[in-house]
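Structures incoming, each one as structure tokens.
Paired with chain B in one complex and with chain C in the other, chain A is shared by the two complexes that follow.
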Partner chain A sequence: MRRFLVALVLSTATAWTSAQEVPLEYRVKAAYLFNFTKFIDWPVMPTGGRNSFSICLAGRNPFGTMLSSTLVGETAAGLPMAARVVSADQASSCQILFVPRGVAAAPYLRGIGAAPVLTVGESPDFLTQGGAINFVLDGGRVRFEINQAAAARAQLKVSSRLLQLGRGNDSQGD
Partner chain B sequence: MSIEQLMEIDVTLATREPEPVGRTAAAITVITNDDIRRSGVTTIADALALADGVQVARFNNGTWAVSARGFNATSANKLLVMIDGRTEYSPLFSGVFWNMLDYALEDIERIEIIRGPGATLWGANAVNGVVNIITRHTRDSQGTFLAFGTGNEDPGLADFRYGGTAAGATYRAYGKFARRSAQTFGDGVSSDDGRRRGQVGFRIDRPGGGGEWLFKGDMFDSRDDLPEERTGEFKEIALQGVWTRAFTPTSNLSVRSYYRHEFRDVPLQLTHRIDTVDLDFQHGFAWRDRHRVIWGATHRRNSDQTAGGTVLFEPVDRVYSVSSVFAQDEIVIRPDRFDLTVGLKAERNAFSGVEWQPNVRGRFDVAPRQLIWGAISRAVRRPTRLDVDVRALAPNGTIVAVGGGEAYKGEDLLAVEFGYRAQPLAIAAIDATLFSHSYDDLRSQDLPPSGPPIVVGNTLNGRSQGVELAGSLQPLPMWRIRASYTFLDVSITKDLDSRDIGGGASEANDPSHMFGFRTDVDLPRRVELNLFLRSIGALSNPRVASYTELNGRLGWRATQHFEAAITGQDLLHDHHPEFGATAPLRIEFERSIRVQGTFRY
Partner chain C sequence: MRHWFRDLPIRRKLGLMTLASSVIALVFAAVGIFTWDVIQYRREITRDLTAQARTIGENSTASITFEDPRAAGETLAVLEIHPNVEYACMFRADGSLFATYFRDGRGACPGAAGDMLDVGWRDAQIIAPINLNGRRIGSVLIHRDMTDVIERLSVLGAILTALLAFAVLLATLVGHRMQRTIADPLLTLAATARVVSDTKNYSLRGEVRSNDEVGTVVQAFNDMLDRVEERNAELSHANRLKDEFLATLSHELRTPLNAILGWIRIVRSADLPPKTRTRALESIERNAGLQARLIEDLLEVSRIVTGKLHLQTTRTDLAAIVDAAVEILQPAATAKNIAITTTIDQRPAMTNADPDRLQQVIWNLLSNAVKFTPPGGRIAVQLGRDDGYVLTVTDNGLGIDPAMLPQMFQPFRQIDASPTREQGGLGLGLAIVRQLVELHGGTVSARSQGVGTGATFEVRLPSVLPAEEPKRVDRRRTPTPMASAAGSRLLSGVNVLVVDDEEDARELLKTVLESYGATVTIVASAPEAMSEFERSTPHVIVSDIGMPLEDGFSLMRRVREKPVHAGGDVPAIALTAYASASDREAALTAGYQAHVAKPFEPADVARLVHDLTRPALHSRSG
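Here is the complex of A and B:
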């Protein structure tokens, strides 16, 4: 992945983002997305013909090349991990779907239905809309809250360790 | 990193580690938002002085001479300057009217400065360098920002911005207003070059069409006083739309368009109106594992109207376009060891037809944290109306110079560069570049056998060679140091049959040595100190003595919301000259002290 950085920096202003310009907030969130896979069990699932464990980005990529570089050489559920940007109708083939701020979550959540996809968002109402994990900024730090009911609907087993670290949010989404 | 560790990172603090060893196979410096804030500068041109190897010399309050790798002049014409991909150099003379290039500095994400040609990717005029100004995404400029400042040279500075969200989009609106006091001639007489400027604008980012939209609008107005002359007037309105879509993490498309109207009235010289429309697309994708391909095309149409003064154009009005296509392939020859980039740009302009601009770059990782790179490039400065159509008049009305017309060619550069970059320690990085530029068909002022007027021609050649060194060190987490040194040797020669009488004096006036030293310290109690020392060698024609000057800023981040600062510029002398004619007609820059208060909510 390193080899792409030159073209990224050299190209014109808005076409690409390089790792350097990704705000620290998103570098931290990228690391979180990767870490979540260690605390969650996915059921055996169709991978939509892909031989990879997909961390998908709804509509746009706020991570630049950061997320892809984090995932190079890493595996989850025995599959190599990869990142890609998807539209709502492709979302059910993902294992993790991140919905960036400013992207409407509803079409994606509808597209996923009951498929085993861990949905992660960063908007205040993401859990009430039926998302499973939501990032919140707390005193400048990135923390997360978990909607256990939504995770259970997606047949995901969330470890008690992760539940402890996240802020419980069981009352919502039921 | 574990989740527990991730939970403790404060993401609102700017990262303070030295930047990782840049991977770019080019001589690049990045000025960050934090660098700009800590330096206390108030204009984009002054911010460029923070970059390694860039010569920024002030001529008067509204005129700068800015170049990299030499050929500096107030009409310096070999840099490509862009803001969010919108070109900011004027097609009238391919230089930048720096007095009109403004933005809310708080919302500039960073400025990338590449020394040397970048014509293959960026197109004509990226001859001696590229300045790429990138404004912040609106999601990173949310909330209210207010700043007020006052000082002996800047009696009034006001900046405001509001950023919010609506209907799935993020936006900001900003405004800035600044007054600048007149400087002085060497003999102490006021130079009457005070100015008042204001700019307002907005930016909207919103998802759509499977990608993301960006809309920007900016409006600028300034009044620049001149000694014993009426006030100059400068206005600009620009609208820009960009759509980018990432199909996959390695495949991207961007389509960009802008419209700009400029008006400038320079008393005695020129009244100039120009409308520019630009459409550009670019597509990048990975191919067969080892290739990273970028290709794209641009079309730009300029339509201008002139009325003079002492600088006339024939024809008075002109419509002229430029179109180009380019492709570049970055090839991994040996993974993590050796990469090669080859690219070619073909560009058709209204004056000299098709120009080919190829480029080959290689990058070799000699060891972990150490790389060498090399590049061979051809770049062209395409002809402009100032070269082709100009009629320059003496004050008594006689024509002293005429443009070269259809015979005028583009200026050609063949550049060879080598660089070495290393980060031997996590806290230290060094960067060294050697370059040799050969110029052919440089602009000349030829006196025909039949006598005056002078005809603009291409009978000069040039050569510039130099060394650019930079190093950064972070001895303590709260203490950062950056130093740079540039050696430059520029020579201009005539073709055998040249009838040039200018000797290139209007094309280049460069210091042989430039030294810069910057340090940032975060002191206890949320106090921060920035010092910037620069030492610039003498200029030969017109002569300007070498000088050393110091800028400093002491800031106090009293709370999360309020910051107070005192900034001093040019502290070592009462006043000093940087560029231009000989004393007493030359303007000198006075010591400046100001205070500023900033609110962020």
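Here is the complex of A and C:
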């Protein structure tokens, strides 16, 4: 099964070399971050000089070059996708903010406020802190929980098909 | 097969036809319904499978994207509500199996083939793509059995079969009732026709029960029977009339014959005083004349009845004809001491007519009047004008029973009436009169106050404007003494060749012509005549027409082929019993100068021979 998943992720990734350096878990998570854009609608906003759909990484980059190369040529909401590492005060300009394990989520979540940013974490208390999606490992497989209230607060429309897969519930967090 | 059907009774034919048409109609309807249902079902299944595949695909995009076969399995499990779906499988984009559903809990999925949709008789299968944002991320396969379709179609088949059976039963019953309305009248008619033809009972009639073609046939059959009955009645009536007529005819022919034969025996048997002898010969002549007239009348009636009588019309002076007729009848009237007065308004009275026939009309009316008027009576003949000409013949004789008046002009009718009976005669005279007058476009009627009051006959003829020259009236049958002293040398020096196959006729003609002073050679056939002709050319030929081997026409053609110096232009008279106008025409065409009907008046023939030979004798003498 593992090998199977690897194969799946590899089929969507283009950089073979970087893939070998990144653990399988993050390779799957990178794909998932990208795939979320297909099941979530962002509110239409004035572009404000913005010319890309940004997947931001809070503090550090656990994906190496893998995420960036995954996004090459891809679009979301009509904009080319790009990945970058941001600090807490830059977070509100992102569309997706991934908070890796070991980075404190609170300053970032505060920095975002009510801005339409999909927050994704991988810590057990991420949803409690106000994050929208949290990756969990279930028997070696990457799963995710969804805090629907947090997503709604950020004016994001999450597809029911995605909700069906998310293990989370609305009672968590706010 | 066709013959087999053709000979069936009409009832069976109608029944089979009703049955066949309803069965054919129903079978077609059943096949149609069945086919339509199958087509509809296939469409429905196609639609269902497509919809199911698409719904499942849509609902599985996230499951595939986020690699969650459990969620996909749950989506597939929704197919539970379709009991005909045996199994469903979901594949990833690379064709690997992703999720499954089995109705019976377990089974195996076939490998992912290309997209397809196949609806068969036993099962149906679809493989449809799963797309996300226009990109293929997997595919779904749904496989179902067709038990529901089969079940539904069998129920439909059973219903249709039941309907068919029911309809056939109904058609047979209804058809049976309906065919009776058609077949029964026909069968009745057939039975009636059979009885009629077996028993010859034409008084039977078919019953007209409907207003359709069958009714028409029955009506026509009845009309035909009416006609047959009428014809039968007419036939038996005509037969009765014919029998009566034959009896009368035989009596009328026998009566003069009796006198003739009786007197001849007396003349032969003893030396009679000249006075008695003269009386005997007069009687014989009168009776023979009577008989000849009877026969003439009969032939006349026959010509009229068969429509062979044709008028030879010419411009004719009616007054002259009346005068001539009165003149002819005058001796008979004088003998009975009957006075005839003639009143003619205008002369000449021109009309378009056949003079011979008109004279016959007047002669008939006059002789009737003479016959039925007792001695000392009066007869008035009047020719007047109004729109046309009106000729009346009035007598003060026996008169006519008014009841008889309408029938008087019918042929043979008078023979029933007792006065006629006493007077003798065939009762043809007035019938001939009516026919001849009608042929001239006129009418004839009779008036009488009753028996003993006399009678008036009125002939009305249309007139035409007077023209330049009236035609000379032929006087037929002018009574002439057989050999008058004046005429005895009329034909002296004339050579006559007489041709007739009958010896009596030959001898008679020879005697007559010799009595006028002619030299007569007699031969019995056309070839003999030709050889006699070669030997010595006569001044005139008198020939019969109807002869065995070679007739008078042929003889005359052969004579006329000769050159003039060999006698090719010798005058010739046809003397024949063929007396009609067309016979006369044929004789003249063949080359005869004249045509005389038998029995002939000796003086007429003598005068004719004289007239024809005079120029020849003159040219020879001068």
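Methods note: the second predicted complex is superposed on the first by the 152 of 174 C-alpha atoms of A that agree within 3 Å, B and C clash if a C-alpha of one lies under 4 Å from a C-alpha of the other, contacts with A are read in each partner's own complex, and residues count from 1 in each chain.
The criterion applied here is as follows: contacts are C-beta pairs under 8 Å (C-beta built on N, C-alpha and C of every residue); 3 or more make two chains touch, one makes a residue touch a chain.
None of these values were measured; they are calculated from a predicted model.
Chain A is touched at more residues by one of its partners, and among chain B and chain C that partner is B. Contacts of A:68 after superposition on the shared chain: chain B is touched, whereas chain C is not. Contacts of A:84 after superposition: chain B is touched, whereas chain C is not reached.
Shared-chain residue A:24: touches chain B; no touch with chain C. Of the two partner chains placed by superposition, only chain B is touched by A:60; chain C is not. By the touch criterion defined above, A:35 reaches both chain B and chain C.
Contacts of A:164 after superposition on the shared chain: chain C is touched, whereas chain B is not.
In the superposition on chain A, the residues of chain A contacted by chain B and by chain C overlap at 4-5, 11, 28, 32, 35, 39, 141, 162, 165. Every residue of chain B that touches chain A in the complex is listed here, in rising order: 1-4, 6-15, 19-20, 22-26, 28, 30, 82-85, 109-110, 112, 114, 118, 121-122, 132-134, 139-140, 165, 168-170, 205-207, 210-212, 214, 242, 244, 246-250, 252, 254, 256, 282, 284, 286, 292, 294, 328, 330, 332, 335-336, 339, 341, 363. By the touch criterion given at the top, residues 58-59, 61-63, 65-68, 71, 92, 94, 96, 132-133 of chain C touch chain A in their complex. The residues of chain A lying in touch with chain B in their complex are 2-7, 9-16, 20-21, 23-25, 28, 31-32, 35, 39, 59-61, 65, 67-68, 83-85, 87, 101-104, 137, 139-143, 162, 165. Chain A contributes residues 4-5, 8, 11, 28, 32, 35, 38-39, 141, 144, 159, 161-162, 164-165 to its touches with chain C in the complex.
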